[in-house]
C-alpha cells in the first residue's frame, strides 16, 4: 500500500486540499466497502423494504447475533453498511435521538427528521478535528403519516437523501445501475414485489443465488407501520415465489 | 494532484501566509464549486427570487428530497450552493438563530440581520483553529419591512453583501457577467420578469435548455411576504412564457 | 523491527488510510497476541463455558493471583485475552457498568446488554484521539432469562458478536478451525461435554497435554445461573474423563 | 509565491523569532493591504472625519450594502480597512463592548476607552495560540466630553494611538506622507475643510478623480456629537467645493 | 546513545507499534533500573517481608531520610524501586486511596484491593496521552484477614500479581532466579527464616556482604499485623544469625 | 535572517535546551529592543523618577496619545519599554492587580508587592506552553511607607529587582554603564538632581540633545507621594537648568 | 551549541528515552548552574544554617532586593539556587502551601512535610506535559519539634532528602566533596562553628575570600526556632572569628 497519491498531507486530518476536497471524508467512504457487504433499500406502493447480505464471518458465530438491521423506534428501522462498530454506534445514537424527540415532543419522530438529525451529527465530524468521520452508510426506512413510505440514505459526509430505491456498500454502484433500469418505468410495487425486487437486486449484483439465511430483510407497511424483520421462513417463501416468477 | 503550489505549508491550517493570505479559506471557495451546481438570485421591483439547478445525482433519488432551497423562517429563504452537508448544517444553524431572535425580541428577524449573523459565525471558523470553514455559499432572500425586497450572499470567508442580482457555484463568474449586462439599464422587473431573468441566466451560463424539473425557484413578494417555492407547473408556465417572449 | 510497511504515517493516530483502514485498531489486535495466551468459549445445551491457559510467567507468582477469568456480576463472567492491565481495566469498567445498570433499573444486566455496552466503549477509542484502543479481547458468558446460555466476544475494534464457540488470543485462528469442524454437526453438548470440548480444543491448538493447573475454566449453567470457576480438582476430573473418553 | 524568506518556521505560529519578531503579526499587516482599499481619518478644529474608498467589487452588489463605516455607538464610529469579515467581526465586538460599558457604568463609553479595549482584545491574539490576529486596521472617531474631537487607529498588533490625521490600507504610506505635509502648519480645519482634506488626500494618493459614489465619509461634530454618515449628495457638494477651491 | 533501534517513531508517545507494542511502557521498565537498587519481597508461613538496599548517594545525606520503604496504612507497607520522585508520588497516591477507602467503607483496605487500585491508576497512564507512565515497581505487603500474608508487585504497565517471593530493580532477574531455586521445595518459612532469606538473596545477587546499614527491611506478621520497619540492631542481629547458620 | 544558530529546535517552544536555556525567553529580551526606545529609572534621596524617550513614529500622531508612562495606582507608576501592545496589556494587568489588592485588603498595594505580582505572572508564561512571554521591561516606581522611594525593574523572564538606578530598552547596556559611574560615589540626589541625572543619562547614551518634547518623565516624591508626570514646561525647565549646570 | 548529542528527539518533551531517561529533567539540572551561584546548608548540634553567595549582577541594583533566602513561615526558611524567577515562584508556592497547612490543621507545618509537598509538586511537572520542570534547587531548613534541626534539599526531579550538610548550584560537587571530608568525624557543631563551616565551605569552593556583603546566611536555632537572616555585621563578625581561628 502506498500513500494517498499526490495528496501531499492534506489527507492526514480534516482540512481542505487546494482542490477543496476533504480526503478523510473520502477515505471514510472507502471504509464502508471494507465491510464487504451490499445493502438494498426499496420503496414500494404501500411499503418500504431494506435488504442486506448476512455473511457470517465465522461459522461459529451465533447467526442471530449478526445483523445489519436495527430497529430505531417501533416505526423506523435501518440497515447499516460499513465498519460494524461504527454501524452500531451510529444506530445507538439514532435510538437515543429518537427517544429524546419522543420524550420532548410527545410523538414519534418522523423518518425524515431522524435521517436529518443523524446526517447533522455526521456532518460535525467532517468539520471538527476531535474525531474521525464514521465509516458507515445508513439506509433508513419508515412510514410517514402524510408522505407514506419513506426511504433515506445517510452517508459519512453527512448527506441524506430520500430514495425510491438505493444500494450501499461494496456493490453500491452495481446495485444502483440495476435498480435504475428496473425503476425506469416507475413501477408501483406491492409488498411481495418490493421484497422480491430487493432480493433479486442483491442476487444480481452479487452474481450468486442467495439462501434465506444469507439475507436480512426489514420492512414497514402502510397497514402495520411497525418496523418488522422477516423471518427466515418468510424470506424463503419470497425466494420460492421469486424463483417461480422468473 | 499536487500540493498547493508554493504555499509552503501555510495552507495546512488557519494561519496567515507571508502575503497575508488564508489559504484554507481560499480552498473552501474551491469546495463550493465541487458541488457542480450554479445558483442565481435576483431582486425585482416588488419581489426577490432565487433559482438553482436541480440535478438528481442518481435517478433513484426521490426528487423531492433533493433541494438546495431552505425556508429559514416563514419570511426568509435561501439557496445553498456547495458541499451539501455543509449547506444543510448552515441552514439548520440559520433556522435556529432566526428562531432564537424571534423568541428573544418578539418579532421576526429581518433578512439583513440573519445574513449578518450567519456571516459572523462563518468568520469565526476562519479565525479559530478548532474547525474548518464551511464550503458553502448562501444566497438569502426576504422582504424587509422598510427596505422591501432583499437579496444577500454569504461566503465561506464570512463576507455578506446585498445584491441586485448574483450567482454562486460552478458558473458564478459566467452568471455574474451575464447579469451585469442585463442589469446595466437597471431594470425594474416585475414578478414574471424576475423569475424569467433567473431562468434565462441559468440557461445561458449552462448553455443548455432546462426543463421545469431541472430548476428550483424560491420567491418572496411584497404582497405575500412569505417565502414560497414554485411548483413544477409554475416553473413550466414561466418556461413557456420565456420561450414565447424570446 | 521496521516501520509498518507502506503505512505512510496513517498508522500514527486514529485516522483513515486512503484504503479506509484504521491501523491503530489493527495493531491493537496484534497486541492481543503479545500476551501469548489462547482462550476458548463454548456454549452447550444448558451451559456456557470459558477456558483459557493459565501460564505462570514466574514460578514465584502466587498462582491464585494469576487469572484471566473475571466475575462481572454474580451471573456474568468473562475471560480476557491480551494485554493484562488492559484486560483488568476493561473488566473493572464492565463491573461498574453492570452495577450501574442494576442500580438504575433494579434488575441484573442481561449478558448481551453488557457485551454491547463494553463494545460501545471500545468503539469510542477507535474514533476519538484522546486514548488508544485497548489491546484485549473479551469472551463474556452468562445465562439469559429468555435466550438461555449466551456467549459473546468483544474485540478492540468495538465489534461484539454472539457465538456457539470461539477462540481468542495467540492461537485464535487454529482454535476457530478446530471448533468449526467439531461444531459442524451442531452438537447439543451437556455440561461435561462442553467443558471437555473446551479443554480438548486448547490441548489441540497448543499441541500439548495440559495439566489441571495450566487451565482456567469458568461456567454458567441453566440450573445454577451463577458464574462459577472450576476448582483444580474439578478440572482434573474432567481431564481424566477426557482421557478415558479418547 | 515562496516561503517567508529565512523565517525558518518561526512564522508558522505565535512564537518569537531569534530577532524577537512575531511574524504572524507582521503577516496580518500584509493582510490589511489585500483588501485593496485606502482610508483616511482627519481631526478638525471642531469635528473629526473618516473617509474611505467605496469600491463595489461587483456591479450587481447593492451599493448600500457595501460599507467600511460602522456606527459603534450613537457617538462613535469607525472605518475598517482590511479583511472584510474580520472588519465586521471586530466592529461587532466593539459595539458589544460599548453597550456593555454603557450598561455597566450608565454613561457612554469615551472614544479612547473603546479604542483601548479593542486594542487589548487584539493584543490577546498576538500572545495566545488559539486564534490568529485579525487582518484589519480600525480608525475610530468620536467627540470626547473634555478633549473634543478624537481620532484613533488600532492595528493587528494591538497598538492604538491618537492622531491628528492618518491613513490605513493599501496606500497607507502615501497617505501619511501627503498628510504630514499638509499638517505641518498644524491647520485648524473647519468642517468643510476637514472633509475636503480627507477627499483630496484620497484622490491624491489614488491618483484618480473620485466620484461621490466612490467615497464614504463619516463624521462627528462638536455641535451634533452623533456619528453621521454623509449622503452622496453631501459628498458631491464637497467635491464641487473642492474643485472650485483648487 | 542512539535512537531506539527500528522503533520508527512509535516510541515517541502512547501508540501501538505495528507489532502491538507500547514502547513508552517498555522504556518505563528501563527507568526502574536506572535507580540502581534491587529489592526483595518474601512471604513466609505467618509473615511477609520486604527488603531492599539502602544506598546513601551522598555521605552527607541524613541516612534516616533515605528510604524505599513506605507505610501505606498501619497494616500495609511497600518497597518502591525505580525513579525516586515517582516512587514517592505513587506511595502518596496509595496512602490517599487507602485513606479514602477507609473513610468510605469504615474498614481497612485489604492489601489486594490497594494493589489493584494502584495498578488501575498505572494502566491509565499507558492508555491516555496526557502523562507518561511512572518509572517505578511497587512491592506491597500486608496481612489479609482471610488469606494471611500477602505479597504483591505492581509494575509500570499496570500489572499486579501476588507472589510467594519476588525481586525488583537492577538485579530483578538474578533475584528471581535465586529465589526460584530456594522456593522450589516450597518452604514454610518462619519469621527469622523469611528475613534471612531476603537478606541472603540480596547479598547473593549483589555479590557483596551487606552491613545492617545497607539494608532496609519492612515486615507484617500474623500476630502483630502492623507494618513495621526493622531497626538497624534487629537487622544486625539477623545478619549475625545468618552468618552463623551458613 | 537565519534560524537561531545551533538552537536545533529548542527555541520553537518553552522547553529547556541541553544547556538549560529557555530560548523563547531570550528572544523576548530581543523583542524589547525592537521597540527602539531607551528608558531610565533613578532613585533620589526623597524621590524616584522614570524617564524615557518620546519618539513619535508618525508626525500625525497626537503626541498626547504616545506615552510609555502608566499610572498604575495614584501612588505607583511605571515606564514600559518594548513591544507597545504588550506594554499596555501588562500595565492594564498591573492596574487590575493593584485595584484587586486595594479592594481585598483595604489599603494601597506597596510598590514591591505589585512588582512581585507582575513578575510572578511573567514567570508563568516562561513555564507553561499556552502563551508566549511578554516582550516588555517594566520599570516601576513608588514611595513605600517604610522604605521611602522604591524603584523596581521586571523583565520577560519574571525577574524583578530593586535598583538605585537602571535602564531598559535599546541602550540598556550603555545606560547601565553610564549610571554605574555616576552612582559610584552613591550620591544623595535631590529632586532636581534626580530628574537631571535621568535626562543627562538619556542624552548621553543616545548621543543627542533632547528637546522637552522628546522626553517623558514620571515621578513620585516623599512630600506628595502621588505619581505625577512632568509637563513639557517642567521638563524644559529642567533641561535649561541642566544646560546651565554643565 | 549543538543538539543534545544522540538524544534523537527524546529530549524535546517529557517522554522516556529508550534508556529510561527523562532528558528535560536532566536539562533542568543544567539550568540550576546557569544561575552561577553556589549555596551551602549545614546542620549543627542545635542549629541549622543556609549560606549562599550574594552576587549583585549590576552595581545599581539595590542590594537589599537581591536575595536567595526566603522565609517560608516564621519557623522555616530556604535558600533557592537556580533560575531566579523559578526560585521565587517555587518559594511563593511553598509559602502558600505552608499557610494552607496552618489554616487547615491549626499548627505550623513541620519542615519535612513542607519539603515533601514541594517535591510532590515538582514531580508533577516531570510527569505531565503541560509545563516544564522548574530549574531550581531548594535547600530548606527549620527546627522540628521532635527531631531538632532539619535540613532538606528538593531538586527539579522532585527528589527531597534530609542532609547533615549539602551544597547546590554551580559548585555543588566541589562543596559536597569539601563537606564530606569535614563531616567524616561527624562533628557536633555549635552555632558559631556551623556558620563558620558554611562560610569556609563557600570560600573554599569558590577559591576566593568573601566579604560580608558577598554572603547571605539564614539560620534557625533550638532556642529561638524562628528563621532569621544574619545581618551584614553579624556575618562580618563571623568572618573575623573564622580568620582568627585559621
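Going by the order they are written in, the chains are A, B, C, D, E, F and G; count residues from 1 in each one.
The criterion applied here is as follows: a residue touches a chain if its C-beta (ideal position, glycine included) is under 8 Å from a C-beta of that chain, and two chains touch if they have at least 3 such contacts.
Because the structure is a prediction, the values reported are computed rather than measured.
Listing every chain that touches chain D and chain G alike gives F. In this structure chain F contacts its sequence twin chain G using mostly different residue numbers, the overlap staying below half. With each centre defined as the average position of its C-alpha atoms, the distance from chain B to chain G rounds to 70 Å.
Between the CA-based centres of chain C and chain G the separation comes to 56 Å, rounded to the whole angstrom. Shared contact sites, meaning residues of chain G that touch two or more other chains, fall at 7.
Interchain contacts close the chains into one ring where each touches exactly two others, per the touch definition above.
The chains touch one another in a closed ring; read from chain A in the direction of chain B, their sequence is A, B, D, F, G, E, C.
Chain A contributes residues 6-10, 14-22, 43, 112, 116, 119-120, 122-124, 126-129, 151-152, 157-166, 176, 179-180, 183-184 to its touches with chain B in the complex. Note for the complex: chain A touches chain C at residues 1-4, 7, 11-13, 23-24, 27-34, 58-62, 64-66, 83-86, 88-89, 92, 130-135.
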